[in-house]
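To keep things simple, chains are lettered A, B, C, D and E as they appear, and every chain counts its residues starting from 1.
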Amino acid sequence: MAFITDHILTWTAFAPALGAVLVLAAGRTPGAARRIALGAALADFVLSLHLLRHFEAANGADQFVEHAPWLAGGKIAYSLGLDGVSLWLVLLTTFLGPLVILSAWRAIAERVREAMAFLLLLQTAMIGTFLARDMLLFYVFWEAMLIPMYFLIGIWGGERRVYAAVKFFLFTMVGSVFMLVAILWCYQQAGSMALADFLQLELSRGQQSWLFAAFALAFAIKVPLFPFHTWLPDAHVEAPTAGSVILAGILLKMGTYGLLRFAIPLFPEAALALGPWLAWLAVIGIIYGALVAMVQQDVKKLVAYSSVSHLGFVVLGLFSLTTTGAAGGVVQMLAHGLSTGALFLLVGVIYERRHTRQIAEFGGLAHAMPAYAAVFLFVTLASIGLPGLCGFTGEFLILFGTFGSGLLPHARLLVALAATGVVLGAIYMLWMYQRVFLGKLGERNRGLPDLSVREWAVLLPILVMIVALGVHPAPLLERLEPSLERILAPVAAIRQTESSYGLALGVSAAQPAAATAALKGDR
Amino acid sequence: MESHALDTSLRWIVLVPLLGAALNGLLLRRMPRRAAGLLACAAVGASFLLSVAAVVRLAGLEPHHRLLADSLGTWLDVAGVRIELGFAMDQLSAVMALVVTGVGFLIHVYSLGYMAHDPGFNRFFTYLNLFIFAMMMLVLGENLVMLFVGWEGVGLCSYLLISFWFNEEANAAAGKKAFIVNRIGDFGFLLGMFVLGAALLPHLAGGEGLFSFRTIAAHTHHLAPWATAIALLLFLGATGKSAQIPLYVWLPDAMAGPTPVSALIHAATMVTAGVYMIARMNMVYVLSPAAMTVVAVTGAVTALFAATIALTQNDIKKVLAYSTVSQLGYMMLACGVGAFAAGIFHVMTHAFFKALLFLGAGSVIHAMSGQQDMRLMGGLRRKLPVTWPTFLIGTVALAGVFPFAGFFSKDEILWKAFSDGNPGLWLVGFLGAGLTAFYMMRLVVLTFFGDSRASEEVRHHVHESPATMTVPLAVLAVLSVAGGWLGWPHFLGGANRFEQWLAPVFARARTPPARSRPQARSTAPRRPTAPPRTPPPPPSGSWPRPRCRWPCSASTRATAPTPGGRRWPRSCTPSPAASPTGCC
Amino acid sequence: MNGPSHAMTLGTDLPQLAPYLVLAVGGLAVMLLDAFTGGRRKDHLSLLTLLTLLGAAAAQGAVPADPRGATLMGGMLAADRFSRFFNLLTVTIAMLTTVFATSVYEREGRHRADFYPLVLFASLGMMLLAAATDLLSLFLAIETMSLAVYVLVAGNRGSLRSSEAGFKYLILGAFASAFLLMGLALLYGQAGATDYAAVRRAVDAAPAGGVLLPLACGLVLVALGFKVAMVPFHMWTPDVYDGAPAYVTGFMATGVKAAAFAALLRVAWLLPPVAEVWFPLLTVLAVLTMTYGNLVALSQSGLKRMLAYSSIAHAGYLLLGVLAVLNTGRDSATAVQAAAVRDAAGGAILFYLVVYALMNLGAFGVVACLSRSRDQEADAIDGYAGLSRRRPFVAATLAVFMFSLAGIPPTAGFVGKFYIFDAVVKAGLVPLAVWGVINSLLSAYYYLRVIVVMYMKTAEGEVHDGHSWEAAFTCGVLALLVLLLGVVPGSFYALAAHTFRQMTY
Amino acid sequence: MTVGLTHYLALAAALFLVGMAGVLIRRNSLIMFMSIEIMLSAANIVFAAYARLHGDLAGHVFVLMVFAVAAAEAAIGLAILVEIYRLRRSVNVDDLNTLME
Amino acid sequence: METFLFYLFGTLMLGAAAMTVASRSAVAAAVWLVFSFVCAAGVFALLAAPFLAILQILIYAGAIMVLFLFVIMMLQGPVLPAEVAGRSFGRKALLALPAAAIAVILISWAARGREAAFGAAPVTGTAAAVAELLLNRYLLAFELISIVLLVAIVGAMALGRKQEEQP
């Protein structure tokens, strides 16, 4: 086992790719392909559990580090590491992996072998993205994600799949190419592609602004942040269920992960200066996404727009630049991965039965499929942030962390606006729920079978995790906090004289000392 | 940190109903009806018994150390934000816990009969148990976040139960409306919580739960600059939950749910959560006279306004619904004038008689084959031998007739409003009380007196409800009569034990933490007379000491007995005198 | 009077000349074999061609690089790593081309006998072009290569498209040759001798402000720009790429371009202060080249034509690298830094040329593989609809090539672009890098379209693809190489940079 | 006025421009071809002139090579032209539009 | 004398080249081109390159142009009317003549005063001298040009072949 545990990160990242090769080589029948793929995904999950078990909670630095020279005489390296943030996102990925494959068990009936291989390759790319500690390696994984996803949407998608796939691909590429130039520039300055060396760069404010903009664009498109979100509904709606789940569950997290891991700590001054703009966009996205979701006629599209709204929260939390807000951001990433992933799975369930997702086609489904309705409601509630379920933990930390952030101007106004998203979220989700599940059961929906055992098997783990994350997020946060402190350290270093958290008496973040004085004087 | 007794039974008070719900929910299909119902009742009953036991233990403690605590661990702890997954029971929680589990148990039993023929029987009990769980979480939560968890949880159960008969689009819409309106309130709640937390966080030492009520109480002086904001935002949450203007709109629609639900959630327990929360946060509210005024005015206006609406309703449940809104207004009024104990007292008595009224109404509806329009009832007096007298008891209790429960609580509120120097508020409340008596009498007359206006077929089927329904009615009737005696006021020769019991809770906030032992008593001699309308600005350099705007607390009267007549303003004659005039 | 007798060095230079000789002799042998075997089966022609190429590679491999970095035949040719590199590259390209061509011929049942010697002679020209260190050998190498390629392009007997393409190429090629010649004449005039070393001396000694030297340099750049399809000398490209048989197009697009860039690098290195004059213009042209190629490629419906425009765009990326090579003298950077940047840029170009050769040959190879005959080439992109079902393997390889051409990781195309842009950034030309990156984004669209059609569209009606086991296999190997170079390019890039560093003149 | 290098260069430049104009303006492929030959001889004159200046015969060798190359180009070009003519009956460049479709 | 000859040959050569470009008929163009090449031979002679002058006439004016004329004759019939009927490039091309003349004048003017005469030729490009160089220093070029010609032969053969062999 030592050869596995010594390179556990590599194994975790590439086990799915190995599985993909196996699927291609040995998956002669669809059934065999599915089984091999599931086995690979499960094996990967086991590997990631090993990570969780041996992760040192109090250590915020990268663990299980692997380093091997790759290019340019080692200036570019195959460098993997795992800190608290990566840990959870990797776990999310490996957790959803088998479920996604299970969900595609029947839904993908043709060209199963390719589909399974793409799913597994995608998983490798995603895990690699979370683990890479070398900028070029990161970029390679980042871009490599596009290809399998592109095929998943384009081949197994819905009516307008081609349009959606190309749009997805091009949008994401637009952002990332600028990031590439920025990476190159930094590489030139730093003399190495190592993230650690990038962090040592001393850049002027102007340089930081440009670089930050280039990075942020890439990530904002991936998130997607309003107004870069237009690819998302198309991609989601056209993608097959498995694709949507991965897209919503993990792929969107890449953007927020990138912001947190790279854009903010690499360019702290720019993050302070430009972050508020992104925070505003995030809030606009929260509200906009919710409003647009409200008028959707297609369940999947509604869920897609809800993602825009939810990820707005994440971005807002990240740009509070406080540990609390960022922790909330990460929790919300996981929560969104679970709840929206589950929602897409559920939409897939009904789509498999009725081949439509139009809200108007349904009504009263709770009569025909009570278990399905119950699960759907449960996930809906998680999605709208009911306390005790995962969504609340994230939203709470984000909003609370942002509220008193001394580093984000107008933080309280932003939170107040963002919090309306909580109300709006309830409106559109429950309205959808009402129209789909409540009321009288239509003729066409009579006799629809309830959840099958396989569907239960897919959903149940997610439901359990939704509760676990809502009730007992402490172990998660415990491992997250040291890493976040470390990541946000460059920002903190700039404003070390300020307390980054706390209410100031109507004094802007720029004069925290004055604010403290005012507070004291008032007493 | 005050010492407190650890008591792991608290968690079971909360979790047993959850277990009941879980068992029922997971075995939804396979569970026989009877078993499901009994399981649910047993769960709530157990919860009740545990509560009683806990209260007994609590009462055994020295008054100012009356606090039972239990913790399931830390919910989250990040960057100084430490939130316990903890439960605590003090005197206030104890009252609420008993009311919720007690009334809840009765309504569970009632529902066994009421829902006996409903296809969603098991589901119904699942939801009910879930609700008790959430409500107990709200009541026993050790901190504001736990309270919020329960707060949202009851909102959810409310949603589920209102749209219980979701076959009707209207019911589903009503449930959704309730949830969303509550969410608007929650928006304020969240923000209020954030302001509070953000103001506290920089001042906390390690290990203190950020939103813990004890922490808040210990750090009130840090909250002073933000008290108004916190109080008002939280109050926005309370208006949602407790159906105050302007967020009362959901409650009448909520009558779409089964009647036991209306009794339990939309009359007895959940809707009073807002009042409970304000009472719980009294230490913050008293810091902000402005916020108190807003609470009081909102409560008073709601009380009157809802009463006027109730006058015009023909649906028996709608009348009761608006009556509930009105009574909630009284509770808010009490909180707004600083009479938290009176507010909570009214919460309790109201729980008894309003649950009784709703269950009685349910019995009527049951008898009338689902008919809810009072214009099509009449003459049920003889046909419903148990329902009729119990209903009448509820009515007079609500109307505030001496010596029924409603008299003591409502009277206390009005008196406190007056003595606080707010004759305007008192007048509004007084008018509302008159209207209450009027519309309740109208309801009774229309329903039980005269000749039946129902169709032949319905008339033929009218029958008294089974014992599972009538026994709870009877128990509640007893409580509606005797429940108020706990707060028998001094001027009638009592000791107002209820207020005494709660006094430490509400005294805590008013005592500067600098002093080692908060003692409400110590303030008593200083406040023999009513304070001026506008408070003097707090002395700078020291923490703004909350000003008692009412002349006395329970302890005041306990320690400095004065002639009751002096306390009673002439214009504020006790309700019994007023009720007959309002009654036609 | 003309120094020592250079014929005397022939003996010592012979081993270094072996690859060229093998090709020349092999070309003759193939010709003769064809003549003697008349109309019978022609399999042995391709066999002999491949053997010749292998022999050339072996000869090149057997002879170690001249440690002195000396030149051959009195300065006519370099025997450095640079020429070795291109010799092997050229041989590889020629072998692949031969395989593809043979696969088409076999399917059709008739061989084009002249193809084989011409490929060998063209390869010889390319190799010489990359090795030329004398104005005369440069000229002759270009002509050898060009003439052979003209005939290859035009050689589809009975095909008007082919003939027209050949003629167009020839006219414009001759036109470019005239420019080249004029430039060479002026250079000769300045130096008084034809070898690069003399030219470099004259350049170094030339007083500032001279007109003729920059003019000469400009004329040479025009001619080479023509060969690499730089805007505005690109106009032949689409027609010729389109008109020639796919395997020939692949050969042209990769071999000719690689050799021309090799020559360009040598010249650019030869004339840095002079080329400096042209830097702004060259910058504009590089930008135009990328942009034009990509923009027009967007609207193409034929795969070959699309690839033609895309090859213009790729020339643009490569020109960015050349600019980086040239730009190193401009900054006030130290000589060491400047040299490092120049090496990085040169290495990037070499690396990219190889990658470009692999993926482009692969793409044209797929076309050849699927073509039913010379006149029914698998050119229309719409014709690829549903290919992923009919020929999953071939479709997958083409997808890899397309992704690589678009520059998406983990393919070699990405790494190649990465090195180029990295060098450009290193040279301080960040705006150019940005523009290049935007362009590669633009290009993604049309490359993706091919994949869309293959994987996401279904064919209308019955489709008959050609099929060739050898071609498919070769494409597979190429795809594998493209992926391999995308994942572990390090040592190969190091080799390329090292090669460039040791370039002599 | 003495005749020196500059004169020859001027002559060559003029020839070169004339040839270039021919290629760019004319549409008859034969005449385009001839124009290119004019350009080549312009280059030849430059070579010869410089050879004279430097007293170096390399220029002559270059010119010699140009002759041969020109012949080779002409041979192939004309062969293609004949082929095209056979297929299309025109050598007008504007008619070479099969590829434009 | 040299000046006179230079101007004579130069002007004639340039004029003939311009006429080549401007001719409507390919035959006329070819004839003008031959004339131009002959003049070029004169220029070579002036530049102490007798061998080149002779080859210019033999190869260029002789062989290559004969090839041209041959092809022109072969294609004559239908070729030329197309252009004549369609366009008037000939006339436009005549503009090249004055343009070239102006170029000459300008360049001469620019070189005025700075022009240095070649002086006595240090070497003369006789056949022997050129051959000496060609077979020594430029041996490789010599070999290469043979390959170029070989390619031309192969190409011309391939293109001229009647039809490819069928299986």
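Everything that follows uses one rule, which is that contacts are C-beta pairs under 8 Å (C-beta built on N, C-alpha and C of every residue); 3 or more make two chains touch, one makes a residue touch a chain.
These numbers were taken from a predicted model, which means no experiment stands behind them.
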Notebook entry, point to check: Ignoring subunit A, what connected groups of chains are left?
Noted result: B | C, D, E
Next item on the list: Hop across touching chains from subunit A and tell me the fewest hops that reach subunit D.
Entry: 2
Notebook entry, point to check: Measuring centre to centre with C-alpha atoms, which chain is farthest from subunit D?
Noted result: B
Notebook entry, point to check: Whose C-alpha centre lies nearest the centre of all protein C-alpha atoms?
Noted result: A
Notebook entry, point to check: Which chain lies the greatest distance away from subunit E when centres are computed from Cα atoms alone?
Noted result: B
Check: Looking at A-B and A-C, which one has the bigger number of contacting C-beta pairs?
Finding: A-B
Note to self: Need the CA-centroid distance for the pair subunit A / subunit E, whole Å please.
What the structure shows: 72
Note to self: Need the CA-centroid distance for the pair subunit D / subunit E, whole Å please.
What the structure shows: 7
Next item on the list: Averaging only over C-alpha atoms, locate the centres of subunit B and subunit D and give their separation in whole Å.
Entry: 104
Next item on the list: Determine the centre-to-centre distance between subunit C and subunit D, using the mean Cα coordinates as centres, and give it in whole Å.
Entry: 26
Notebook entry, point to check: Which residues does subunit B have that touch at least 2 chains other than itself?
Noted result: none
Next item on the list: Specify, in ascending order, the residues of subunit C that touch 2 or more different other chains.
Entry: 2, 136, 140, 143, 147, 150-151, 154, 157-158
Margin query: Can you list every residue of subunit E that touches 2 or more other chains, as numbers and ranges?
Written below: 123, 133, 137-138, 141, 145, 148, 151-152, 155, 159
Next item on the list: So, with touch as defined above, which chain pairs make the list?
Entry: A-B, A-C, C-D, C-E, D-E
Margin query: So in the complex, the part of subunit D that touches subunit E is made up of which residues?
Written below: 1-11, 13-15, 17-19, 21-22, 25-28, 30-31, 33-35, 37-38, 41, 44-45, 48-49, 51-53, 55-58, 60-61, 63-65, 67-76, 78-83, 85, 89-92, 95
Next item on the list: Note which residues of subunit C are touching subunit E in the complex, please.
Entry: 1-3, 5-7, 10, 24, 27-28, 31, 39, 72-74, 76-77, 109-114, 117-118, 121, 124, 128, 136-137, 140-141, 143-144, 147-148, 150-151, 154-155, 157-158
Next item on the list: Note which residues of subunit E are touching subunit D in the complex, please.
Entry: 2-3, 6-7, 10, 13-14, 17-18, 20-21, 23, 26, 29-30, 33, 36-37, 40, 43-44, 47-49, 51-52, 55-56, 59-60, 63-64, 67-68, 71-72, 74-75, 78-80, 82-83, 86-87, 89, 92-93, 95-97, 99-101, 103-104, 107-108, 110-112, 114-118, 121-123, 125, 129-130, 133-134, 137-138, 141, 145, 148-149, 151-153, 155-156, 159-160
Notebook entry, point to check: What residues of subunit B sit close enough to touch subunit A in their complex?
Noted result: 25, 28, 73-81, 85, 145, 148-149, 151-153, 156, 159, 163, 166-169, 171-173, 175-176, 179-180, 183-184, 186-187, 190-191, 193-195, 197-199, 201-202, 221, 224-226, 540-543
Notebook entry, point to check: In the complex of these two chains, what residues of subunit A are touching subunit C?
Noted result: 69-73, 76, 111, 114, 136, 139-144, 146-147, 150-151, 154-155, 161-162, 165-166, 169-170, 173-174, 177-178, 180-181, 184-185, 187-188
